[in-house]
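Next up: the structures, one after another.
Shared between the two complexes below is chain A, which has chain B as its partner in the first and chain C in the second.
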Partner chain A sequence: MEKTYSLYDQAIEITTDYLGPAAKRFIDRQIVAHLDKKPENLTPADLSKLTIWMEATVSLLTNDKDVVSEYINKLEELSSTSRQEYY
Partner chain B sequence: MSNKKILILFISLSVIYLLEALFISSDASARSKFNLSATEVKLLSLTVTLPIIFIWMLGCYAYIKFRSYVDTIAKDKDGRVFRIISYGLLALFLWLPISSVFSNMATYLYRTNPSWTAPLVITNNYINLALVLVGFALIYKGAYKLINLKESRNISGWKYITLLPLVFISALFTFLTLNNPVRQFPSADVPTAAYYLPDWLLIITIIIPYVLVFYLGFFSILYIYMYRKNVRGIIYKNALDYFAKGLLCIVLSIIVIRYLAALTTLFDNSTLKIILLIIYLLILLLLCGFILLVKSVKKLKAIEKA
Partner chain C sequence: MAVKKSTEAIGGSSSHIGSEEHARAEAMFDSIGTGAITTDEKGKIDRINIHALELLGYRREELMGKWFPKALIAKDENRKLIDPINRPITRAFVTGKPVNALTYYKTKSGSFTPVNVNVSPIILNDRPVGAIEVFEDVSLELEIDRMKSEFISIASHQLRTPLTAISVYAQMLVDGYKGELNNEQRESLNTIIKSSQRMNKLISALLDISKMETGKINIKYSKLDLKAILHASVKELEQDAIRKEIRLTFDIEDTKFVVNSDALLVGEIYSNLISNAIKYTPPKGKIKLSLRDIKNEYVLRVKDNGYGIPASFRDRIFTKFARADNVENVDTDGSGLGLYMAKEIANVLNGRLWFRSSEKQKGTSFYFALPKPSKPA
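Showing the complex of A and B:
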């Protein structure tokens, strides 16, 4: 349980580098809208699925493709390292 | 005030302003001075009136969008701070239409009743000042709270850099205003004085409050820039950048407007081309400011909608 909470926290931490104070609100909206679950219950498998949605959404907010791919790479990296720890 | 009421208010003011431009007869002495017919004056005034109305509508749109953005983040710390800034923006966006409509109405009234000139000019000046002062005081309050949301507040160096142009602008404004030969009484060439106030009252109730407006405006921009510098979020920073730049254009246009008011006699000796050029440049500056604000607000709103 502690690990999933930490993953949610880390996802917010990464997103803050791109969306600032809007990061937590953004992550919460994405989890609720696409996964229909409580944000705190985010699992590595969920994050992997969510990354696809997040890439599409963040691409609408900036034309800088490097920024988008950097953000998505960080999330994918988080997802894979957490998956190893989780299972 | 609901969005619908705000929209109705802006549309009503725009219609009144347009009607004033179309139906209030132009000054006969000015027409003969520039050798223009009444129709030519009307057409020329439309080239100013229509872009100005467009700017007002941009302001209305920016405010409605900004308020909707603030509503979505109302529960968070930044939401409460941005709400204060939104009230300031509303006062600032209302300042343009209210002062323009009142100014045209006042001009019409004192042209038909010359004895009303002094009280109408004084009232017009104070309405202008009150809205701008309230607007920037609220934006300053919000911007100050915004910078206090972040831990790093080492801005003392930047404060001195901001103070330098501010002192120069304020000193020049004071000098020009107090050296305006028609500040208290009209002359043979200039039929309407700029303030109709004795110097001591002009200093206390016009010059000092406008210097305060300049201070609030410049420091609001500095605080927003500093918040932008300290806050994390590449995309979020980008939206704040437009916001600060838009506000800077609006502050600069207010400074230009105050300088122009102090240079009444210079205008009386200028050609129509120069006067129109200055007016169009001022409109362009305001337009840039409002477009940048709209761009910023759209970006901030998009982040919260994503």
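Showing the complex of A and C:
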């Protein structure tokens, strides 16, 4: 349980670097809308699925491709690292 | 060699079919009766139809391939620039669902045109591969609405003047200024006065609605104590409850309920909800008023054990002139404007108004939530 919470927490931490205080709401809304689950229950597999949507959304917030791919890479890295720890 | 030829032949043929299909798709896209734009997954415009170009005043090449949020500057209903995260297209990706919104798009000439936007993500194999947005010009509809509200405002002012004369003279007659009256005459005049008062209330409500709809409502923000407003509203209406022998009880948390809002408007909603509860609760019924601190809001609950709201009526309860069948005989004075106004005011104050109801003797609970101040008020 602690690890999954930590994953959610880390996803917010990464997102805060790009979206500031809007990060938590941004992550929460997408988890609820696309995964239909409580944000705290985010798993590495969920994050991987969510990253596809986040890339599309963040591409509408900035036109800077490098920033978008940097953000998405960090999330993908978090998802795969956590997946190894998780299983 | 033969294989190459064959491939070339196939290539040529499939390319011909491809371009025909492409042309057909373009023609279909242009034949949609409203403006339509699609973007790729990076937010770049990859298709735009003729109606969208006409509405926005651009040539196709001026928008194709451009990043959507920059190419189409958007303002919201209050004519404020919409943050990228709150734009309909972004919300569609955040939720994965279609989003509908009134938006003002900047045209090439620099003016802003109101459009009703409907945007959905395009999903292929569980992946968002772009978005499609259709929109239509609603300038005419908004202008008609504005004219309608203006007409109501003028008509209401004109109605009020003769009505005042009717009330004043009827009251003078009742008071005996023109001689003694018999009981029948007195009764008739009292009916005239009562009806004038009802009409006056209705005109006031129409004027308030007209102000709200034309954005002329004047909000005076100040530090408010919601407990004090609740007690003032109760005091104003408690005689009505006493007449019907209705028991009013309170469940108010021992905390400060201080917000930055408009005292008059908050009082209007509180009074409206309490007055409705009294009207639509049978004699000797019960009404419970609760004020609670829930997350980042202060929530008033007005719970009655009255007639309840029929299921068939629930989705219309906050619309203009809406009156449920089961109460039309209970309260013949109702205009059906109170809850519509309350909902509009709640929106103006960034509050929320909702209800839960049961027709099976369990009555109705109305909730009105106001946001707590971001810094302590």
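Going forward, the second predicted complex is superposed on the first by the 87 of 87 C-alpha atoms of A that agree within 3 Å, B and C clash if a C-alpha of one lies under 4 Å from a C-alpha of the other, contacts with A are read in each partner's own complex, and residues count from 1 in each chain.
What we mean here is this: a residue touches a chain if its C-beta (ideal position, glycine included) is under 8 Å from a C-beta of that chain, and two chains touch if they have at least 3 such contacts.
This is a predicted model, so every value here is computed, not measured.
Peer 1: Between chain B (first) and chain C (second), which, if any, makes contact with A:34: first, second, both or neither?
Peer 2: So A:34 only meets chain C here.
Peer 1: Check the residue A:18 against both partner chains and state whether it touches chain B (first), chain C (second), both, or neither.
Peer 2: After superposition on chain A, A:18 lies in contact with chain B alone.
Peer 1: Let me test your reading of the model: by the given contact rule, A:26 touches which partner, first (chain B), second (chain C), both or neither?
Peer 2: After superposing on A, A:26 lies in contact with both chain B and chain C.
Peer 1: Please indicate which partner A:55 is in contact with in the superposed arrangement: first for chain B, second for chain C, both, or neither.
Peer 2: After superposition on chain A, A:55 lies in contact with chain C alone.
Peer 1: Once the shared chain is lined up, is A:63 touching chain B (first), chain C (second), both, or neither of them?
Peer 2: A:63 contacts chain C only, not chain B.
Peer 1: Answer with first, second, both or neither: which of chain B and chain C does A:45 touch in the superposed model?
Peer 2: neither
Peer 1: Of the residues on chain A, which ones does chain B touch that chain C also touches?
Peer 2: Touching chain B in the first complex and chain C in the second, residues 19, 22, 26, 29, 57, 60-61 of chain A appear in both lists.
Peer 1: Could you pull out which chain C residues touch chain A in their complex?
Peer 2: Those residues of chain C that touch chain A are 41-43, 67-70, 84-85, 87, 89-90, 93-97, 121, 126-128.
Peer 1: So in the complex, the part of chain B that touches chain A is made up of which residues?
Peer 2: The touching residues are 73, 76-78, 231-238, 299, 302-304, 306.
Peer 1: Going by the contact rule at the top, pick out the chain A residues touching chain C in the complex.
Peer 2: So the residues of chain A in touch with chain C come to 19, 22, 26, 29-30, 33-34, 52-53, 55-57, 59-61, 63, 65, 68.
Peer 1: Which chain A residues qualify as touching chain B in the complex?
Peer 2: Interface residues on the chain A side: 16-23, 25-26, 29, 57-58, 60-62, 64, 67.
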